[in-house]
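The data blocks that follow each hold one structure.
Here chain A shows up in two complexes: once beside chain B, once beside chain C.
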Partner chain A sequence: MKTSPASAARLAPAATWWRSLSRLAPWLGWGVLGVLVLLAALGPLYLSAFDLVLAFTLFNYMTMAQSWNLLGGYGGQFSLGHSLFVGAGSYTIAVLLLHSGLPLLLDLVLSGLLAAALATLAALLLMRLREAYFSIGSLGLAMAALTWMLNWSFTGATSGLNLPPAATLDYSTLYYLALGLLVATTLTIVLLVRSPFGLRLMAIRDDQEAAAELGVNSFPVKLVTFAISAFFVGLAGGLIALNKLEIEPDSAFSMNWVITMIIITIIGGIATSTGPLLGAVVFFTLQQVLQNSQALSSLLTGLLLILIIRLAPEGLWPLALKLGRRLGEALVSRLDRSGSTTTATALAAEEAVRGRSTLSDG
Partner chain B sequence: MVLYHLIDGFFLGGLYVTIALGLTLVFGVMNTVNLAQGEVLIGSAYLTYTLASLTHLDPLLCLLLVAPIMFVIGYLVQRLLLNPLIPRGQETLLVATFGLLLVAETLFGLIYGNNTLSLSASYTLTGVTIFGDTVRTIYVIALVAALFLVVGTHLLLTYLPLGKAIRAAAEDPGAAASIGINVPLVYGITFGLAAAISAVGGTLIGLSFGFGPTTGSSWLLRSFTVIVLGGMGSLWGTLLGGLLIGVLEEVAASIVGPQFRDLIVFAFLVIVLIVRPEGFFGQRVGVAK
Partner chain C sequence: MQAASTVGGGPQQANEAPLLVLRHVTRRFGGVTALNDISFAVRSGELLGIIGPNGAGKSTLLSLISGAQRVSEGEILFAGQRLDRLPAHAIARLGIGRAHQIPRPFGRMTVLQNVLIPVHARRNEDPGRRRLSDDAEEILRLCGLLDRKDRQAGSLTLLDLKRLELARALALRPRLLLLDEVAAGLVGQEIEEITQLIASIHARGVTIILVEHVQAVVRALAHRVIVLDWGRKIAEGRPEEIARHPEVIAVYLGSEQGEQAPAHQTMSVSEPAAAMAAARESDSRHTLPSARATSTAAVRPSPPPLLDVQHLSVDYGKLRALRSLDFSAGTGEIVAVVGANGAGKTTLTQAISGLVPVSEGRILFAGQEITRLPAHQRSRLGIALCHEGRRLFREQTVRENLELGAVYATRGATTSFAQRLERVYDLFPVLRERAGSQAGRLSGGQQQMVAIGRALMAEPRLLLLDELSLGLAPAVVDQLFAALPQILAWGISVVLIEQHIQRSLAVADRVYVLERGRVVFCGTPDEVRAHPALQQAYLGVAAAPASPAGSPATSEHEQHPVSGS
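Now for the complex of A and B:
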């Protein structure tokens, strides 16, 4: 088939429409996100107290997965130790509420900051390690912290702490705090990974030696990433403590936290900003639908994880985008079959040029 | 008495060698860190538990059946799940073995409940006197088993055609394939062997301590500490590392208190990782003679 440039440029109507749609996709994504945030912001107007608590949990899952994804996905540092920061956040706010007269919001921020400080220390220890060494090292730190907390009498050892009655917040306040944290986390991370800092981070992930030769010093980049990731997880930990009102080491430092973050991120799509949000919805829905059989639900999530890593390792969100684009193309070429035969070629060329930059990362 | 703690730790170390050897083999040959190693161990303990309560046979005798079952499971996991993921890099393998960890943990809870179980035999509560110190008989058995397993694996890798194929595949899979070695098959057999060896470790865990659906990750960390100390993937390193960790844990626990046992091991793991991540002894299975 011979095609002159002129005929390739003259697209059939459906193709033109499709092309402008894919050009608008990022804006469409932001628009949908804006509407969702607006709907969520009005949540307490139409949601029952029960639904608000559910949404609170969902938002926290999203925040934590998003933060893990910054380090584990964009940074390529597969942390198995993030439970440490959930526990650190929970305990910090409890201790501050019990022993200091500081206002609650300040306590909350401090719980994030303490988690970040711990992460900085951990990073100083672990950042030289690569791949599995880092994963196991971080798991070791988290387990060591759990053992320590089980024996530390200042924080009540195994029996843990009860938050003072003054810390009791109503459901819509908790809801707004979790929503605010989610929006702040997502915005920070989205902006961060699209900044020069984010590019350096991903360059280090993809090839540390090559990045070093280009003058990227990996240590401070990894350190800051680790601290930011832990900061938001610590804040989520603080919120979780405010909701539960009594905390003890086995649940606050539970491995389940980091397991949840990893599952959500992998299911939704690692190293994408929308993936953790979508993954959290899938994970949380599965958990709620099967809440009468906790075991069945974790069995299914485990199987889903294996299935995804085996069949679509990039995750559900990139998969959905790919399918959507393919479906759109098929539709367009069917609509335009009577029209120009060059449509498919032109579209393919365009896809090749613009690649993932149009539809992905909405 | 420090001497007694040294002796106790030495024999406890034998147990640690048996639990870490499977991890060593899988890392040394396939360069895969099996995050589900703890579940392989605990799963074997559960299998032995079922078999022993059905047949009333001695748990160690049950291994004659449990080890082949674990071999088959390990072989299938490598062939069906892990082999196709190898080209995608180590992170994918981490996620996959992590998924296995989750599924296994849940299955254990579903089938056996969340209670702590333990295996019992005539020798679980008895002791042997060595240099005036009473050592648990099961630890003595563990040390003997550890020596047998390490020497046996060494002989297999050095002298048998299968062992030579494993070493070739470990050193250079591409070159091994080009001289007619079926690398995916060799990988499958290696993982199967590792699982069968871990069946011994798991059964010994069941005989020495209690186990439950979620105790796996603490054993994963212990195994990992051993092989990091011994030099990832080295057979003799695993032997030395296991004995050393056993002694260290026992002596340190006698000083700061037994409730900090886990803390000692995990802190030690982090320290070794930081100071010398390549370990102290030996080389990988494939590279060693």
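Now for the complex of A and C:
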């Protein structure tokens, strides 16, 4: 009799605690993110030069996947042409460093802006196309750009360009540039997709005609999205050039860039802002661990991709969220049940006693 | 009061100038004229109903007003401004909202986000973000969706999706609301709820154009009704007038039901009917089990029917399209299936041919259970479907289409390919002449002939004809109907879905009347003509001239006054 209120009092907090935790979850997420950014910001204090270069590459993957995800995930415009913007960024910064004498940071920003300008022009051509036609069209533009660069003597045609020795940056500077770009990209995209602009973008993705009949002018929305996406990819391309110091068309404009962006986004979770970050970690880890056997690495990545598309098509991050929520709820209900079972047994015993007494009464 | 300020649109002036004017509006798709010289005006504050059979051009009309499609000729004016040159988003921002027949939610966004899209689109008045989301919540409350505002729109039930369509259109703060079949697919109580919702929106001063098949909704709400048929405006008037209008009744039920049917229609109906009867007597009648005799006594023909559908239910997501439906077709029978749009006629043919999965019930064909068989295996057993919309291989020639139909002939086919081709050419001689033409370049009627011919090339035992005459000129329809006796003579049973009721009654052995996924009546054509179920199914009224007895709906109501709960 006395145990039941006591146990209820002891066990109720488990449920309320969980409820308040799930209400705090977004803030918790931001907190974890803040700690991670802080840890990353202190990276050069505890990371070796080799690790810094690895982290630099990882950050660039994250930036590029995040940018692709804005257009391909939130916007539903499945671009296969984003390699064009990597190459455009790389070549712009190289040409500016070689010929202009402008400060390096300005060159970097200009490389992003040129990519955005190219994207705007491309959008004027491509935005009338839908779905697969858009994808093929964007792929065609990227391949045309590659062919052009292979033949353009101003940029050294097939042999490419070498950046001037003055452009050589130390590893921690490159690291901070990549980290800064990643943070800026992620913040911009998170804010963008939560704004009315982002709502319009997602509405167009879900049903363009219905959106138009609700007052959404799809053309400028898609155009701006394409330009923003290309801007950040162009900046990443500029950073990649600063790291490699020598660039040539086949690698700067390689299809591998866009394939990597897509694989990372799909593994991590398309149309989520954390997915591309998580996907990049998974993809990059696989690539690094198995770097001595390229074939195995590609095979495993492909296998992972197939598994995700088959089993969790929304990606790893939504899957992790779902599992976490389920686990938490299961844990809470387990705690509650162990509490309520003692209550229940007490009640049952009480009832049994009463029942017996009524029986005996009868 | 607050809701009124949210939804009520611009300042309400009771001026006489019409809000919306259509002048000689015509819309063509290729060679097909979907709307032909439509003119009408809508006064501010009016609630105008638009009705008409399938393919009459009602949704096209709304699309022209909303800017989703362009007019081919004519002009549309809204508050004195030309609409027909504006893009859809600009028209929406002028205050014209549209709710679609098939809900088009932004499925991966929440309900609130869905409504915020049109709220944000009203840029002209921008009193800050907080006000706007208050607006959205106010509209969700009005539409009964507030408690579901954080749900993913894709997870809503059909009724809620319809409400969301309305809510989004309302969030534009429209002066004109275009409602396309908002009651379609809903049942009983749900229809009443949506009717009340529309009435309350209209009471707030919004002008409404209502396209609707559920006649009860139109009769309850509309001040004035325009009837479209074949892209033409055939009648206009108050709802009660329209329900009695002979040409309207003729459009829905065929001319025999209309009292003063136009002469040419009577001709075109009776002629093939007579031909049918003659053909029936001459060649096929004596070979058939006398379906007509048995069907007066019982619904099922004497054993065993070629096709036997038992307690069939089919669901599209949350929408139950067929509800425990029994259906059968005997060897050598023509079975007609009639009923209003959305009654489940096409779904029935698709369930029989294996194109939609069955939720409950069984389908037996020639004594074999085929409920779970894939479509291609059913066609090997001898079930052929002529789709609504034909689905020809448009780039291929007529002859290639026919050959493709013969690739998977029924097992145990008794005729050779050449014989069957000859048979189809004899049936439709024009196909022989145009054998080398691309199928996509033929006229609509000729394409329908190719579609039927292609189905016949497999030597089926059962031919399902879905909307045989939809969108075709009367003379062509006559030719198609004239072919039916010959098809029957080859020992092929026919299930006929046809919106010209009188034509299908004239050729059918038995008729099923469907209403909202159920069989509400089954019997011989004469029995169906005498029974009020048919008018009930199409016009929502049982004021049939041929029904002296009370309609089942009213008598049922009298017996169970509280059944409405």
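Keep this in mind: the second predicted complex is superposed on the first by the 326 of 362 C-alpha atoms of A that agree within 3 Å, B and C clash if a C-alpha of one lies under 4 Å from a C-alpha of the other, contacts with A are read in each partner's own complex, and residues count from 1 in each chain.
Assume contacts are C-beta pairs under 8 Å (C-beta built on N, C-alpha and C of every residue); 3 or more make two chains touch, one makes a residue touch a chain.
Model, not experiment: these values are computed from the prediction.
When both complexes are superposed on chain A, chain B and chain C end up clashing with one another. Contacts of A:A203 after superposition: chain C is touched, whereas chain B is not reached. Looking at the superposition, the partner that touches the larger set of chain A residues, chain B or chain C, turns out to be B. Shared-chain residue A:T147: touches chain B; no touch with chain C. Once chain A of one complex is fitted onto chain A of the other, the partner contacts of A:I266 are limited to chain B, with no touch recorded for chain C.
In the superposed pair of complexes, A:R310 makes contact with chain B only, with no contact to chain C. Once the two complexes are overlaid on the shared chain, A:L125 sits against chain B while remaining clear of chain C. One listed stretch of chain C collides with chain B once both complexes sit on chain A; from 39-47, 183-191, 273-281 or 399-407, that stretch is 399-407. Shared interface residues of chain A, touching chain B in one complex and chain C in the other, do not exist. If you check the complex, the residues on chain A that touch chain B are 76, 78, 80, 125-126, 128-129, 131-133, 135-137, 139-141, 143-144, 147-148, 150-151, 255, 259, 262-263, 266, 295-296, 298-299, 301-303, 305-306, 309-310, 313.
Within the complex formed with chain A, the chain B residues making contact are 33, 35, 81, 84-85, 88, 90-92, 94-96, 98-100, 102-103, 105-107, 109-110, 214, 217-218, 220-221, 224-225, 228, 259-260, 262-263, 266-267, 269-270, 273-274, 277.
Partner chain A is touched in their complex by these residues of chain C: 66-68, 87-93, 97-98, 100, 104-109, 113-114, 116-118, 120-122, 168-169, 171-172. Those residues of chain A lying in contact with chain C across their complex are 196, 199-200, 202-203, 205-207, 209-218, 271.
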